[in-house]
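These are the structures, in structure tokens.
In the two complexes below, subunit A is the common chain; its partner is subunit B in one and subunit C in the other.
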Partner chain A sequence: MSRVEARAAGLYHRTVVTVLFLILLLPLAGTLLYSISTSWSATILPDGLTLKWYAQLWTDPRFLAAFGQSLLVCFGALLLSVVLILPLLFVVHYHFPKLDGLMNILILLPFAVPPVVSSVGLLQIYGSGPLAMVGTPWILIGCYFTVALPFMYRAITNNLQAINLTDLMDAAHLLGASTWKAAFLVVLPNLRKGLMVSLFLSFSFLFGEFVFANLLVGTRYETLQVYLNNMKNSSGHFNSALVISYFFFVLLFTWAANRLNKDKA
Partner chain B sequence: MSFLSIQGLHKSYAATSIFSDINCEIGKGEFVTLLGPSGCGKSTLLRCIAGLTEVNGGQILLEGQDLVPLSPQKRDIGMVFQSYALFPNMSVQQNVAFGLRMQKVSKDESAKRVKEALDMVELGSFADRYPHQLSGGQCQRVALARSLVTRPRLLLLDEPLSALDARIRKHLREQIRSIQQELGLTTIFVTHDQEEALTMSDRIFLMNAGKIVQSGDAETLYTAPVDAFAAGFIGNYNLLDADAASRLLLRPVTGRVAIRPEAISLGVGDIDAEVRSHSLLGNVIRYRVEARGVELLVDVLNRSADDLHGNGKRLTLSIDNDAIREVA
Partner chain C sequence: MSSVTRGKWLAVLCLLPFAVFFIAFQIAPLLWVAINSLDSAAGWGLSNYAKVFSSKFYLQAIKHSLEISFWSSVIGILIAILGAYSLRKVDSKLRDFVMAFSNMTSNFAGVPLAFAFVILLGFNGALTIILKQAGVIDDFNLYSKTGLIVLYTYFQIPLGVLLLYPAFDALREDWRESAELLGASTWDFWLHIGLPVLTPALLGTFIILLANALGAYATVYALTTGNFNVLPIRIAAMVAGDISLNPNLASALAMVLVGLMAVITVVHQWLLKRSYHVAR
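So, the complex of A and B:
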């Protein structure tokens, strides 16, 4: 390829990327601008700029409660996932590698049933009787666990396959380590990356989850997305401030996750 | 009583027998190689000695103590794996120190011994590197240092050179052998590479299909194969059935016959032959010739242009009588 051609191709590539970036960014930029304008209806540009919508949002106790409850449910579900999936994965890959195929099918099941359908089922089972959990955060934690399962399982499995688990465990055993010690000192530190990536991915996903939260719990334990839905009739500026705040939080979280991963890699 | 004695060892998975009734004796300080094609059970045997795979019967006596009921942690055996099995999250120093850490050796003592071990494999200046910053050969030397630092009674090497390129393999081969001799460490080496086995070992156990076919030093194994498999696996023996052998040697032969390719001389003798093809291996020229309707491989030292014969050339050959071996 000649230099002129290379430059033309470079220009083309940059244009495509820039246009794509703009398309993705424009709605967000519009929302951001709307959230800091006093009013914006009949003119091309807003009448004036203000932070009052943000002040109003961040002093609303209902918003703060929803925010906190969202965090709590997400962290609860992720904690449950880590506690259950890590040992499970270890056992499957170290002792029963043949089960991996079966696990892969089980893991994908939550994807096979649309959330709306499965929440109807969950309402039936947990709506009454000994396990009446509908309307409490517990059902959300359990439900989010199944949603996070595929992400966590796949990411950590890839990680496990990359480290040659059997040989590492064998080597550690021969050097005098018990299975527990080998798992904690040798295997776990090497899974950190996959674990972190899957945790942040699942968090971003769960933090924005609406269908289960709305159908199973609704206003009885309001999460951020349900709150947003319930506020749809209030001022558009206020809602924009809410969306931007939400987006900014997830952005911050993702950035922190990336930093954390780079430092120790 | 020998240092390591394996008696009637048996291993099977479900209905498939991997090996049965394995017996061998290994002396202290000996370098022994388990040689055989893949799937012959040699790696499984090594893993059984290490305790990483359970056996179904038999005894493994190390200094008179039966290892079979012991867990791998308690056997005091060092092992090097084909995949290196270095801990990726730990530096070279931490990797080598791991075994001492498990034994709760004091920090000072541990640092001293780690340094000694790393110096022995010529990696003293790499202590702070991580495995992903090392080449394959360096990784394997770290793994060797890691298995030596705990001063094991027995060192097991599971195809440690198979993942490395030819030049590094040769160098590491010599390094392993010289360290082993320096420490007087009893070592069992597993390989499918006959050259490695022949150059490194005090004694070779040739295995096939879960059985020890032949054992002995390199010379015995090379010059006196006991059966057709041994002859076929080591060197490039010409294996002739009774019919072909009778035709070639002009005398009745009842069994199979093995003839080493370098025991046949070209240009002398009274057997008429024709060169079918030839290839230059460097210092050796390998001919494929046909004599009395039998195809033979002949290796000739490449000393001068006189040793080169073109395809289709008619000449005579002679076969060294001592090198004609009847095998089962």
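So, the complex of A and C:
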């Protein structure tokens, strides 16, 4: 390629990437501008700027409650996922490597079965009777475990393969550690980073989960997304401040995961 | 009992809690839906399915779901192909920044996304007004099928970029140089080398986008308060609505959705095997 052609190609690629960035940025930038404007209707630009919508939002007790409840459900679900998935991964990879094939099929289920389908069954099974959980945060924690599962399983499996689990365990055994001790004191610290990255990323999409939250629990234990949906008839500026505040937290967690990932490399 | 077999039993015991939760929250609901889709007031049988496939209303929901999913996936993957390829060609600073941003926006979906689009492209949205004044469009209705396709496309793009970016690894730069040396134009290169090599990845990504759009509920629900007729909305309305609760019919519709997902996956596997021959 001649130099002129190479320069033209470079310009083309930079333009495409910039346009892609602008397309992705546009809805966010629009919402951000809306959230800090006094009023904005039927004109291209807002009339004036203000922070009053944020002040109003962050002093609304219903918002703060929904925010706290969202955090509780997400942290609960992540804790449950770690407690269930870590032993599973260890046992599968150390004792029964053949099970990994089966697990790779099972973790497709949360993808292949949309939440709205699962909800139909969940509402009937746990709606009444001995396991009546519909309308409580407990059912959400259980459901969010299945949402996070495929992602955490894949991410930590990659990490496990990178550390040569069997060699590590053999070495620990040779030095006199029991299997428990080796798993907790040798393997777990080696998985810390992969685990943290997958936790941060899982948090950022669980925080935005709406289908299970709305269908199974709704206003009985209002999470942030359900609150956002229920507020849709209030001021658009107020809602925009809400969207931006929500996205700020997602941003924070994705950024943390990114940073951790970079440190690892 | 030797310590080795005891270790194995302990290991199996460790799997138990996971199995309990997975069955309770993933397998059992699906089984309930599958079984109860066959149960109706008329007794056991296929009457729920017969009702679904003879109702214009439900057929319209299926048609809408397929149309919106198909077009948003096509447009989404086209933008993602152009974007992912160019991302590989720009300097790493710009690339890392845009990639990180794209990954973040993949979480910008559902209710917040619907809000953002109302502000931007609603009847009085800023972009609607700009485009109207520029004479590009006469009118834009976000709450229509076209509007939903635009909205769905937006959340398909980051996912498409994320999935396609590594796929371009398969395309080696020296092939391009060799092809050029042998007299191939850019067009020839893409038609005979680039696209065939990328086909498996493109199809795989397309299928995931399709499935992603088919199951999407939050965005369209938040935008139209459940008034736009697509499959997930119809299913939810029959189990969580105020009127016309019918979990059995909802189950049949849900199984139709799961069936569509299954067909997509099978077709995908079949295409993948075929395209591999071409690529090799």
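Everything below uses one rule, namely that the second predicted complex is superposed on the first by the 252 of 265 C-alpha atoms of A that agree within 3 Å, B and C clash if a C-alpha of one lies under 4 Å from a C-alpha of the other, contacts with A are read in each partner's own complex, and residues count from 1 in each chain.
By our rule, a residue touches a chain if its C-beta (ideal position, glycine included) is under 8 Å from a C-beta of that chain, and two chains touch if they have at least 3 such contacts.
Keep in mind that what you see is a predicted model, and the values were worked out from it rather than measured.
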Subunit B and subunit C placed together on subunit A: clash or fit? fit
Quiz item: Given the touch rule stated above, what does A:76 touch, subunit B (first), subunit C (second), both, or neither?
Solution: neither
(request) Could you look at A:91 and tell me whether it touches subunit B, subunit C, both or neither (first, second, both, neither)? (result) second
Practice item. May I ask you to decide whether A:123 touches subunit B, subunit C, both, or neither, giving the answer as first, second, both or neither? Key: second
- [ ] Could you look at A:181 and tell me whether it touches subunit B, subunit C, both or neither (first, second, both, neither)?
- [x] first
Note to self: So in the superposed three-chain picture, is A:10 touching just subunit B, just subunit C, both, or none of them (first/second/both/neither)?
What the structure shows: second
Taking the CA centre of subunit A as vertex, the centres of subunit B and subunit C subtend an angle, in steps of 10 degrees, of 90
- In the overlay, answer first, second, both or neither for which of subunit B and subunit C A:172 touches. first
I'd like to know which partner A:163 touches here: subunit B for first, subunit C for second, both or neither.
first
Between subunit B and subunit C, the one with more contact residues on subunit A is chain C
Q) So, A:189: does it touch subunit B (first), subunit C (second), both, or neither? A) first
For subunit B against subunit C after superposition, the smallest C-alpha distance in Å amounts to 9
Overlap of the subunit B and subunit C interfaces on subunit A comprises residues none
Listed in rising order, subunit C residues that touch subunit A in their complex are 7-8, 11-12, 14-15, 17-18, 21-22, 24-33, 36, 79, 82-83, 85-87, 89-90, 94-95, 98, 100-105, 107-113, 115-120, 124-127, 129-130, 133, 154, 157-158, 161, 180, 211, 214-215, 217-218, 221-222, 232, 235-236, 239-240, 247, 250-251, 254, 257-258, 261-262, 265
Listed in rising order, the residues of subunit B that touch subunit A in the complex are 50-52, 71-73, 75, 77-79, 81, 83, 85, 87-89, 98-99, 102-103, 143, 146-147, 150
Contacts from subunit A onto subunit B in the complex sit at residues 163-164, 167-168, 170-178, 181, 185-186, 189-190
Seen from subunit A, its contact residues with subunit C in the complex are 1, 9-10, 12-14, 16-17, 20-21, 23-28, 30-31, 34, 40-45, 80, 83-85, 87-88, 90-92, 94-96, 106, 109-125, 142-143, 145-146, 149, 179, 204-205, 208-211, 214-215, 225, 228-229, 232, 236, 239-240, 243, 246-247, 250-251, 254-255, 258
